[in-house]
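For reference, the structure I am asking about is given below.
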Amino acid sequence: MRRVATEVQIEIEQFLIHEASLLEENRFDAWLDLLADDIHYFMPIRESVEQPAGGAPASSSGGFPLYDDDKKSLALRAARLQSRLTPSETPPPLVQRLITNIAAAEAEQGGYYAVRSNFLVHQERRGRHINQFIGRRDDLLRRAGETFQIARREIQLAQTLLPGTISLFF
Amino acid sequence: MRRVATEVQIEIEQFLIHEASLLEENRFDAWLDLLADDIHYFMPIRESVEQPAGGAPASSSGGFPLYDDDKKSLALRAARLQSRLTPSETPPPLVQRLITNIAAAEAEQGGYYAVRSNFLVHQERRGRHINQFIGRRDDLLRRAGETFQIARREIQLAQTLLPGTISLFF
Amino acid sequence: MRRVATEVQIEIEQFLIHEASLLEENRFDAWLDLLADDIHYFMPIRESVEQPAGGAPASSSGGFPLYDDDKKSLALRAARLQSRLTPSETPPPLVQRLITNIAAAEAEQGGYYAVRSNFLVHQERRGRHINQFIGRRDDLLRRAGETFQIARREIQLAQTLLPGTISLFF
Amino acid sequence: MPDLRSLIDQKHWLIGDQVFAQDIYQRELETVFGRCWLFVGHDSMVPKPHDYFTHFMGETGVIVQRDGAGRIRGYLNKCRHRGNIVCPYDRGNAKNFSCAYHGWVYSDGKLIGVPHSDEAYAGGINFDEWGLVEIPKLQSWGGLIFGCWDPDAISLDDYLGDARWYLEHFLLREKLGGLEVIPGVQRYMVPTNWKIVSENLAGDHYHFMVTHGGFVEALRKSEDKRIALTGVSTGGRFHAFSVALNHDHGVPHGIFQLRSGSGQLETDLTAAEELGPEAVAWVHERQRVLEEELKDFKHKPYSFQGGNIFPNLGLTGVGSALYGKAFMLHHPRGADRTEVWTWCAVEKNAPAAVKERARFVLMQRFAATGMVVSDDSAIFERIAENLNTPPSRQWPMHYAMAMAQEGEDPRPAALAGEPQRWPGLLTQTFQETAQRDFYRYWSELMNTNPAPAN
Amino acid sequence: MPDLRSLIDQKHWLIGDQVFAQDIYQRELETVFGRCWLFVGHDSMVPKPHDYFTHFMGETGVIVQRDGAGRIRGYLNKCRHRGNIVCPYDRGNAKNFSCAYHGWVYSDGKLIGVPHSDEAYAGGINFDEWGLVEIPKLQSWGGLIFGCWDPDAISLDDYLGDARWYLEHFLLREKLGGLEVIPGVQRYMVPTNWKIVSENLAGDHYHFMVTHGGFVEALRKSEDKRIALTGVSTGGRFHAFSVALNHDHGVPHGIFQLRSGSGQLETDLTAAEELGPEAVAWVHERQRVLEEELKDFKHKPYSFQGGNIFPNLGLTGVGSALYGKAFMLHHPRGADRTEVWTWCAVEKNAPAAVKERARFVLMQRFAATGMVVSDDSAIFERIAENLNTPPSRQWPMHYAMAMAQEGEDPRPAALAGEPQRWPGLLTQTFQETAQRDFYRYWSELMNTNPAPAN
Amino acid sequence: MPDLRSLIDQKHWLIGDQVFAQDIYQRELETVFGRCWLFVGHDSMVPKPHDYFTHFMGETGVIVQRDGAGRIRGYLNKCRHRGNIVCPYDRGNAKNFSCAYHGWVYSDGKLIGVPHSDEAYAGGINFDEWGLVEIPKLQSWGGLIFGCWDPDAISLDDYLGDARWYLEHFLLREKLGGLEVIPGVQRYMVPTNWKIVSENLAGDHYHFMVTHGGFVEALRKSEDKRIALTGVSTGGRFHAFSVALNHDHGVPHGIFQLRSGSGQLETDLTAAEELGPEAVAWVHERQRVLEEELKDFKHKPYSFQGGNIFPNLGLTGVGSALYGKAFMLHHPRGADRTEVWTWCAVEKNAPAAVKERARFVLMQRFAATGMVVSDDSAIFERIAENLNTPPSRQWPMHYAMAMAQEGEDPRPAALAGEPQRWPGLLTQTFQETAQRDFYRYWSELMNTNPAPAN
């Protein structure tokens, strides 16, 4: 993998910042447009698994994931978030997203970029409940003219016990 | 609005990072120098307002703001922070500012930039009390030679119930 | 001190992001390779000291530091972290690092850069205990071909009462 | 629970830390917040039918709404079925509240809909019995809305007692058109006991020049006189007093900086001049109305600056025509946490420039970002750190200021023999009578039983 | 502790908030969680000798492990020396647990090593007496592992009682090869009392169309039918019931959406077709086995959707062949916090495509990111905010749904006179019998003494 | 509160989890921390008049200051008026403390200023009665400052008892010039009960090779011998013991790794050689003074490594000339939280290179970033998770190590008959006598009443 040119690095940073902004503003349809039609959107659970003597201690990515979605199911989730009948979104929580540590490299396939980023997502419900989610994303971005599409995203939280249910995209 | 050239993006990032650094170090006079004389510095409250049937649920920016200041009143606030007689600043709290998601665009007026950024501001008082403020800023920056001036700033916290009183600039 | 060229700024950002990634993945040997052989790695405590009338109130950097290490002692610490017999690392905590506010300048010596950055380091142990450390680093980086070496690092936490013992590098 | 009599030495006025302890707190929720009239808002916050806002009385969530018939009413924000919050918004307008759990629907407090009620209840539920719990007493007085859980409570009139005269003439000014509350409430936590804050507002003018010394210094040095002008009256040309309301005979509200003399009026006029002739005219009109109201008085107060309506409504900004009026509600949230809700009200018929300035000044001082409350809260959190840390609580706190002077007429000698034409025990500004009255009444309340069920 | 009899009015079925209070909670840990059989896992989670996982029974940390002889056993995860957690991992395989404090080593529960034991103890320690505390009763029933601290407890068979018939035929399906749990458990907090969640699962079908209205709307609009197809049966061609298990004679487990009629089978077949002939064959095979099992029945249930095994094991996803089965354990964490652990199980011998779809569907609905649990938890946290905020707790909650209909046969008229061939009190879907049974039994348990020491 | 006699089985030495419960904790603040002599600092931390530092005794905030006359005194850090923290800094120099709330001013503990006191108090306040509360007993012994709230407490000499001999010869070494504390204290939280930490330091040498196994392994592999050299003595050439101080007759301080033989001295010399001839000379000088002090002894200890001064002062790093000496104060912060404050002291007259190395070594091991404390705290937090989770607390913890050997002479056979020339009950290194003494005395204290007011 090769690092990318400065211009491209900035382009990619701005793409992820733009994406975060759409999500902060609950503009889900515009967000879905950033996803490739064949996106694989994946978030495993984190757990600590002891291996029999000799094996390395592992932090496993178990088999029952938090997200293992394609674009259709993401669209369904987005539809629920936008319904006025959804208790968890009524009133809408306040969300802010800090996207940091963005590192881009050219992927093996031409026109693709492997992009890693870290995040802290803050969510406040009715002034009474604050949940924060912290983790990393490994994205595969596909060049699409002036912009990109997210062809693959794997999210890894640095949390084994989640502070609450998750009605958020990362 | 058009995105800015890579050089300018970096310049603006460094400007906001420099600004944060001044505030972290309580160098308020230097900070005031970064503000345009006609700055409007605004931070509304966040609240959830139900609209009569048909209207969209809104997160309103109510009428009694947290900041609605001009340069003179900001200078007064800075003077208080620097007095040795101010209990909330004696001893000075420890503050760190994470500025992320900086997105700049050329504004309609020439020589101006519309800059959005997210922040997490951490404040610790005497080891006993930690308050964190998380939100977004929409700035209007005016080119001033090698640097910029902040002509307008609107701050929006992702918090409806604040963790404490605010003796901080954002 | 002069600001650095855009290319160099990005290079330095990517260097620090890469460093954070190594630490997140417990790749300590690779991390040690980023350190100059003569590195001074320093983290003072923070405390509030009242000066006799007339003196400015100070937030002192006292004499009993949290880190005051050279490469040999850092290697020893890394060795402990990698032992399978170390309770604090068994199972390994989940760690994420948000590195922000990276500002680079050319240092007085040629080929050196003075780099400041802010950080939030999140650590979760067994789902039960979350400690977060927030602060700033002042680094002296030495150009080493395509990459850099860390010749000096001074870390300052914005915390006087630490949330726990520290088994982490910053 | 410790014996309250041993905690409050009413002879020497020493009070033990334990009045701020957690077991006491639990009981306060039932006695103090379960029996007193509590401020819940202002008429102007619900101008139209079905306008509402959600709120707390102590720790208890409520809805205050103008009903379809225009009457302001209050309800527990709690579904009668399984206790869900029926209205999760801060404010709005809604004819019905539909519970998001199983869909019971309430309108003007009445249960009007139960999904599948025939199948589910088959007539086994009487809709009339299962409406929202209505706050048994809710009353608007001069636009100020108070609610009370105790059906046997004294009337709001009696509860306010002496306070009414002060509120009428200096805060509400209904003859001038009354107040309007600016939409939106600021909310923030202070890590302290609610009584620490409330007793401060009840009469602690003594702390001002010390706690707010840095602010006063900054005001003095600053070019920006907008904020200074409403606060510090020009020296010498006024007299200031504290007032213990219902002293010895009722609910202990306290008022600080009742000011007479020409000082504050002059300051107000100076500030108004900057805002133009309309503003000046408004200040004169205010004064004209006041003079008429107090026309028989030889010694005329101009205004009071702030105070506390028992138990937890703080008032401030009342003193000047150019100053927004704050309603600061200090909701209890455990023995060492207080959630402050601050509204800004302005005089409804004042010129726009005056309203704007008033809002601005209050924001600078008493918003969550206010320069005054930031220092107060820094102090209050330090006091809370020191409470109930044995063995330090062996040494009680000192509430004995100006005991000897209590009852003496604090007015200048020129007024000797002149009767005080208005209610309340007038004291010198530096006093703790109001605080003593606060804890005396509080301890009586704490010795009562919790309010009975309706 | 308040008197439980006054809190639970078993005549009108009104329950006071105080059953959710902290002092009650402390006692629950001893009586409810100290005396009941608690779900701790499934055989397939420990396939090989010395496979283990760590877990909680109430707030008590335990290890469940298959021992060297292949028997599943459970232990306190607490070193007998000084109480350290002996196994800090979530799961794994280990012959021995070596305590990280002083190095005592346990194997299959026995203390087998004490560093320097000659010098340190000189024979003063009997290794046989200081093994890990073994959970006195631990039993796998149909692959479901339950443990119980009370040596005098009734048998697991008696504890499950009526539940066995339902679990056997609709969840475990051992004749088809039984279940396997997908490795890994999802864990998240909900700021509410564990009973609020558990009573919901015991029988609150009434909330579904309201709480999950936004989800249902999204399903209706969505092109993605994978998720809809397993949940909402095609209208009209099925009957659904709730069931109160062990009603009036034992431990109150509850089941919702017991469905009969052809509707769900048809839906399952439609969904299976999309996955190919293997999937269709699997659905037919399931049906064949079921038909055989129930061959004497005129009225045949197809499945039930979910329920609650007392006290805190929620089940869901049971209803459809294409739906993963969730074990949702609601660990108590203080009066107003619940830690949810969710596993996904699938039918072991199902075709890969069916397993994959089942996992996917359960994830969309009941994972920590699930669209169903997100709404439930939003409601549960609101209820918790409203609990024990005096004086609101004067007004108890309402558990009186369908009291009149209790005991009536809810089945369609066509079945009149047809005996119910299976256990449990059948009720209409909209009911609160299961919830009433839950609290009746709970209050009896609370009046017992904590379990005695072994 | 549970009956302490049933919690502590002094026959078999089994202790129930409940000694770590919250209700017990509340009482500890009054009895243990209200009655014992507590370490508050060292003379060298306040070298000049009016130097001060703020601190805690238990949960109670105090100021320790050298007064204008040069005497070290201690005060509650709590304004006598309304309880505000009078000094919000960590340390500094100040003639006066001026309260930031209302401005009362204290100097050397005396109230010397009250703003507007004539107007506010009119003589109604006696300045002499309202000075800062002075810690009734505060005494520096060999530079170590201790304070005590109980006016009837035994003397500090009697309180330390046997400990004095050890502190004098191995820690304080006043003949060599004594200690100096490096400015600044490290503070961090550990989520555990303070007794879990304190009993460890009182005598738990048994855990070292296990808990710190990873550290020991790293030391062994590392090229960096600076840290290893001060800790692990070269094998064989030394004897090590634990010591139970005031065993059976007083306050139970504990010491671990009292070492005799030549091993540690040799290690110290090896390490000193690397630092140059001055360092070597210093080690020899230390040895010369020690030899002289113990000249009549046949069996001479070289040093002890660490220990616990009851209740909560941990000591470590004492064992070697090249090792900084840690004062680790374990402040109680609720039943399951401990706030650790760590200072590093060095020998004042040691060469700069020795001081620097000593500071470095202590930092590597016992700073908040120290490799030793990181592992200890990981263990302590796990123990705390396991406490008071019914029904696990039915099984008490085991404190019965080396009961049979208690009282036997642990010294090598060559010393048979040789009298022990110094105080304290010597035991083998692997023992729990010190821990048993700790809880025996603790339970006696807990059965006393809280300290009376002065």
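Chains here go by letter, A, B, C, D, E and F, matching the order in which they are written, and residues are numbered from 1 within each.
Throughout what follows, a residue touches a chain if its C-beta (ideal position, glycine included) is under 8 Å from a C-beta of that chain, and two chains touch if they have at least 3 such contacts.
What you are looking at is a predicted structure, and each value in this text was computed from that prediction instead of being measured.
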Touching both chain A and chain F: give me those chains, sorted by label.
B, C, D, E
Looking only at residue numbers at the chain E/chain F interface, is the share used by both copies over half or under half? Answer same or different.
different
If you tally contacting C-beta pairs, which pair wins, C-E or B-D?
B-D
Provide the C-alpha centroid distance between chain A and chain E, rounded to the nearest whole angstrom.
31
Whole-Å gap between the CA centroids of chain A and chain B
27
Nearest whole angstrom, what separates the Cα centre of chain A from the Cα centre of chain D?
46
Contacts with two or more other chains, residues of chain B listed in rising order:
6, 10, 48, 50, 57, 84, 87, 90-91, 98, 100, 120, 126-128, 160-161
Counting only residues that touch at least 2 other chains, which ones in chain D make the list?
88-90, 100, 187, 211, 378-379, 385
Check the chains against each other and report every pair that touches.
A-B, A-C, A-D, A-E, B-C, B-D, B-F, C-E, C-F, D-E, D-F, E-F
Can you list the residues on chain E that touch chain D in the complex?
17, 204, 206-207, 209-211, 378-379, 382-383, 385-387, 389-392, 394-395, 397-398, 400-405, 428, 430-431
Quick one: which bits of chain C touch chain E in the complex? Just the residue numbers, please.
87, 90-91, 126-127
In their shared complex, at which residues does chain D touch chain E?
29-30, 33-34, 58-61, 76-78, 80-85, 88, 99-103, 115-116, 119-125, 130, 133, 149, 450-451, 453-454
Which residues, counting only chain E, touch chain C once they are in their complex?
88-90, 100, 187
Over in the complex, which chain A residues touch chain B? Could you list them?
6-7, 10, 14, 17-18, 20-21, 24, 84, 90-92, 94-100, 120, 122-124, 126-128, 130
